[in-house]
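The following blocks contain the structures, represented as structure tokens.
Here chain A shows up in two complexes: once beside chain B, once beside chain C.
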Partner chain A sequence: MKYESQKVARLYFIAALGLFVGQILFGLIMGLQYVVGDFLFPAIPFNVARMVHTNLLIVWLLFGFMGAAYFLIPEESETELWSPKLAIVLFWVFLVAGVLTILGYLLVPYARLAEMTGNDILPTMGREFLEQPLLTKIGIVIVALGFVFNVGMTVLRGRKTVISTILMIGLIGLAVMFLFSFYNPENLVRDKFYWWWVVHLWVEGVWELILGSLLAFVLIKVTGVDREVIEKWLYMIVAMALITGILGTGHHYFWIGAPEYWQWLGSVFSAMEPIPFFMMTLFAFNMVNKRRREHPNKAAILWAMGTGVMAFLGAGVWGFLHTLAPINYYTHGTQLTAAHGHMAFYGAYAMVVMCIISYAMPLMRGRIANSNKAQVAEMWGFWLMTVSMVFITLFLTAAGVVQVWLQRYTDTPMPFMLVQDKMAIFFWMREVAGVFFLGGLGVYLWSFFIGTDADAARDNAKVLAKVSTKVREESTQETARA
Partner chain B sequence: MNETFTKAMARNIFYGGSLFFILVFLGLTYHTEKVLPERDHRENITEQVVLGKKVWEENNCVGCHSLLGEGAYFAPELGNVYTRFGGSKEAIMAFIKYRPVDGIEGRRSMPQFNLSDEELEAVAEFLKWTSEINTSNWPPNIQG
Partner chain C sequence: MWIFIIAELSVFALLFLLFSYLRSSDSVTFLAGQQTLHPQAGLINTVALLTSSACVAQAVNAVRQNKSAAFGWLLLSIPVGCIYIVVKLWEYQQLVRQGFDLDTNHFYTGYFLLTGFHLLHVVLGIVILGFMSVRLWRGCYLPSQISGLESGACYWHMVDLVWVILFPLIYVIH
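Let's turn to the complex of A and B:
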């Protein structure tokens, strides 16, 4: 870490991880409600728990992205952040707005919340993932504008790199596409059509630019591979992301009333959407193999490779499973969608945020990397969470297959609720996997409190010493050969 | 990636490719908007349907149900509920109206939303209109 102002990222990362815990707790509540239907009813009905679960996910990822940008942009631009004060003010605005919104969901009936927050003036609430009251949405826009302005000014007055440019395009795209959340036509078909301009063009569009640039940044730092090579990869990855992802939006237009040519377009282009994710996996593994230095932060390298693999599996493979229109006809809106959603969000976005946290947090605490003991614990957290997520996905996939078999792809379709009873075993197993995930998250968070600065310094010195000995030996051998 | 494929080429593919597909996407959106009226039967969107959509949104129905396959997967699909309930608005209204306040022991149950008669009518009208959208024959069967 070269610039003092990068340290504002720390606040953002701490908030992100705090909200992550909340997200998982509500996930466990919902998971239990799937099998014990009256759990916490009517205090926290399923729709409220789900809203909290998904909104916390979005908010903690946004905290993560913003923290990542505040850390990355000054270092790439080789200048202090334009205004660290603005970053701190916006942090508190966003945190207070986010917490108030969640409390609103939990403490007030949703219809009452809508009435209190002026949903009559401009109805935008009650649509999946965009449930936030109008005031919160306006707050998000203000925070996003201030944030983009702050990092944008930093980029403008400093060195411009491919990484910072792609990150800026991603962040501006994020802010611009969110504006469609204010557009809610009375016609449900048009509402759905433009709703996807926020949701799809975020997660299968501009967010991939953010993902790619964060990954590229960490890889440059931990592998020491030439920037030219990394940037060429980054360009190709984000090119493929947008070339496939923009028309890939069509895979959401199959059954909502849009014309039928979307079935062809959506199928063909979204079938290619795994390509950028596969490239990310290749990218991470290649760069690590070609590394020109031994960075003491092994945990960050693990996260970088992990996010590539899991994004490819979750977003790429599990997305492809049900993206072709003739298959999607039977799988649309079943537990297969839930299976895909869980692994994709974890693999692509949760993991890349934890990757940059893993790299940046020790630096902000004055260490090159954490002590060995802390890194081992962090890696335990990585594996527990990742393997648990694989099982969550597999159990939901099994549930989805049963659902399709009994309710959709059959001559004698059974009613929804009867089929849900038949899937209960898989819902129970998913819940158990979820408890393991929470355990993994606990180990991960605990790793931040292991080891002193002195332990870290000692362990880092060992790695660096080993490298320099190796380099010396190699050069002696070469001299001998010569 | 080898030396003949330069960073400048990669950059051009990114900017050129993205711009091209953004324009194609906008063109297709324009076309979709032009042909949509035949498929969504917007002439049947009455004030009641509009109110019904608002009631649907303000009670976060999509937090449990799916509508045309989108939403949550905790409760039945409602895009075709009007057909599933035998083309009866009354059945829909009665179902919503008589949900037990404290739920059903051990089972999933829809909350009691205390909707007014006007709101109940409106939601039913909204779901009736939704069931008439041309969804390319989705869902595959009556169970949604």
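Let's turn to the complex of A and C:
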């Protein structure tokens, strides 16, 4: 870590991981409610648990992205952050607003919450993922603007790199696209039409820019590959992400009342959406293979490669499964969507945030990397969470196939709730995989508390010494040959 | 640049396949739609794009041989390319006046999407040609330093390659 002000990222990362735990707990609650319908009723009804589960996901990822930007931007710009104080103030504003909103969901009936927070002045509530009360939405805009201003000023007064420029475009895009959450037309089709401008253009548009730039930053640091090479990859990935992703929005416009030509646009462009993710996988593996230094932080390298692979599988392959209009005719809104959503969010966004945390957190604690023991625990966390997520996805996919088969792709469709009963076995298995995921998260968090600074310093010195001996041996051999 | 061109061509290839598949399933509508088009205009456009592309090829050759004719050739390719845009817009105007649009039926959805995308590529191509002309005028391209010019030329050739497939597919083949 080169600049003192990068340390504000630590607050953001800690909050992100705390909210991540909350998200998983509520995931387990609602996972159980799929099979034990009245579990925790009426204290936490299914719709509330679901709202908390998805909203916490978005909020913790936003904390993660902001933390990442506060860490990355000063280092790339080679200057201190414009105002660390503003970053800290905005952190508390965002955290308090976020926690109050979640408490509002849990303690007050949703309709009452809407009344209390001025939803009648400008109705914005009641839409999936954008359930936040008006006040929270305004708070999010203020925090986002303050944040973009703070990192923007830092970029403007320092060195401008491709990575920081692309990250800034992503972050500004994130703030701008959120504004569509304030536009809520009465017509349900038009409502959904613009709703996707937030949801889709976030996760399959501007967030991919953030993902690409964070990955590129970590890869430069841990592999020592030339910046020019990394930047070329980043340009190609970002170009492909935008070319396919923007018009790919069309794959949400099938069968909801939007004009038919969206079936063409959506199918063709989103069929290409796996390409940027595949390029990210190639990118991560290529750079690690071409590495010019042995960085002691092996865990961060594992996260970097892992996010490439899992993003490709979750977003790319599982997205492609049901993105073509004739297939989507049968699969629209089934458990296949849930399967895709779980692996894509984990693989692309949860993992890249944990990747940058894995790289940055030891540095902010004054170490190059954590001790061996801590890294081994972290890698256990990685594998437990990742493998559990693969199983969650597979079980949900199986549930989705059963659902399509019995309820959609048949001459004698069964009623919705009967089909849900037939899928119960897969929901149970998903819940078990979810418990393992929580275990993995526990191991991951525990890894932060293993090993002292002295252990870390000793282990890091060993890796670095081994490298320098190797380099010396190689150069002696070369001299001998000469 | 080649990766970009492959990606572009695959998008068009997917659209061509979709168009052909839909035509095989509903040939009556497609035949009726085809008869409302203007093949003469399409022919003019084919000639315009190929000529413009030939001018660019001449320009690249001239730069390679360090001849001063390069700038003239490159500059000439721009108005020739613009003929395409004008003719295409006239065609759209004719069709819209007759009451056909993106939503009329599968044929017109395909027609407007395919040619519309292609038109956007032509517009971008003209911008690139203009940019390259300015760079050439300032003497930025040398026989040894020509990869930027070649990339732009490849893009422009790709645009007319796509049209050469698109034209018979939509206008001519019954």
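Annotations
In the analysis below, the second predicted complex is superposed on the first by the 482 of 482 C-alpha atoms of A that agree within 3 Å, B and C clash if a C-alpha of one lies under 4 Å from a C-alpha of the other, contacts with A are read in each partner's own complex, and residues count from 1 in each chain.
In this text, a residue touches a chain if its C-beta (ideal position, glycine included) is under 8 Å from a C-beta of that chain, and two chains touch if they have at least 3 such contacts.
Only a predicted model underlies this, so the values are computations on that prediction, with no experimental measurement involved.
Three-chain overlay on chain A, with chain B and chain C fitting side by side and no clash. In the superposition on chain A, no contact is made by A:D226 with either chain B or chain C. When the two structures are aligned on the shared chain, A:R50 is found in touch with chain B, with no touch to chain C.
Set against each other, chain B and chain C differ in how many residues of chain A they touch, and the higher count belongs to B. Once the two complexes are overlaid on the shared chain, A:I275 sits against chain C while remaining clear of chain B. Within the superposed three-chain model, A:M236 lies in touch with chain B and with chain C [touch as defined at top].
Between the Cα centres of chain B and chain C, as seen from that of chain A, there is an angle of 70°, stated in steps of 10. With both structures placed on the common chain, the touch criterion links A:W264 to chain C but leaves chain B unconnected. When the two complexes are overlaid on their common chain A, residue A:Y34 makes contact with chain B while staying clear of chain C. The superposed arrangement places chain B and chain C with a least CA-CA distance of 6 Å.
Across the superposed pair, chain B and chain C both touch chain A at residues 236, 239, 243, 259-260, 265.
Those residues of chain A lying in contact with chain B across their complex are 30, 33-34, 36-38, 41-42, 45-48, 50-51, 110-111, 114-115, 119, 123, 125-128, 131, 162, 184, 186-193, 228-229, 231-233, 235-236, 238-239, 242-243, 246-247, 249, 252-260, 262-263, 265, 329-330, 332-335, 337-338, 407-409, 413-417, 420. Those residues of chain B whose C-beta lies close enough to touch chain A in the complex are 1, 5-7, 10-11, 13-14, 17-18, 21-22, 24-25, 28-29, 31-33, 35-36, 39-40, 42, 45, 49-50, 53-54, 56-64, 66-77, 101-109, 111-113, 129-130, 133-136, 138-144. Residues 236, 239-240, 243, 259-261, 264-265, 267-269, 271-272, 275 of chain A are the ones that touch chain C when the two sit in their complex. Of all the residues in chain C, the ones that touch chain A in their complex are 3-4, 7, 10-11, 14-15, 18, 102-103, 109-110, 112-113.
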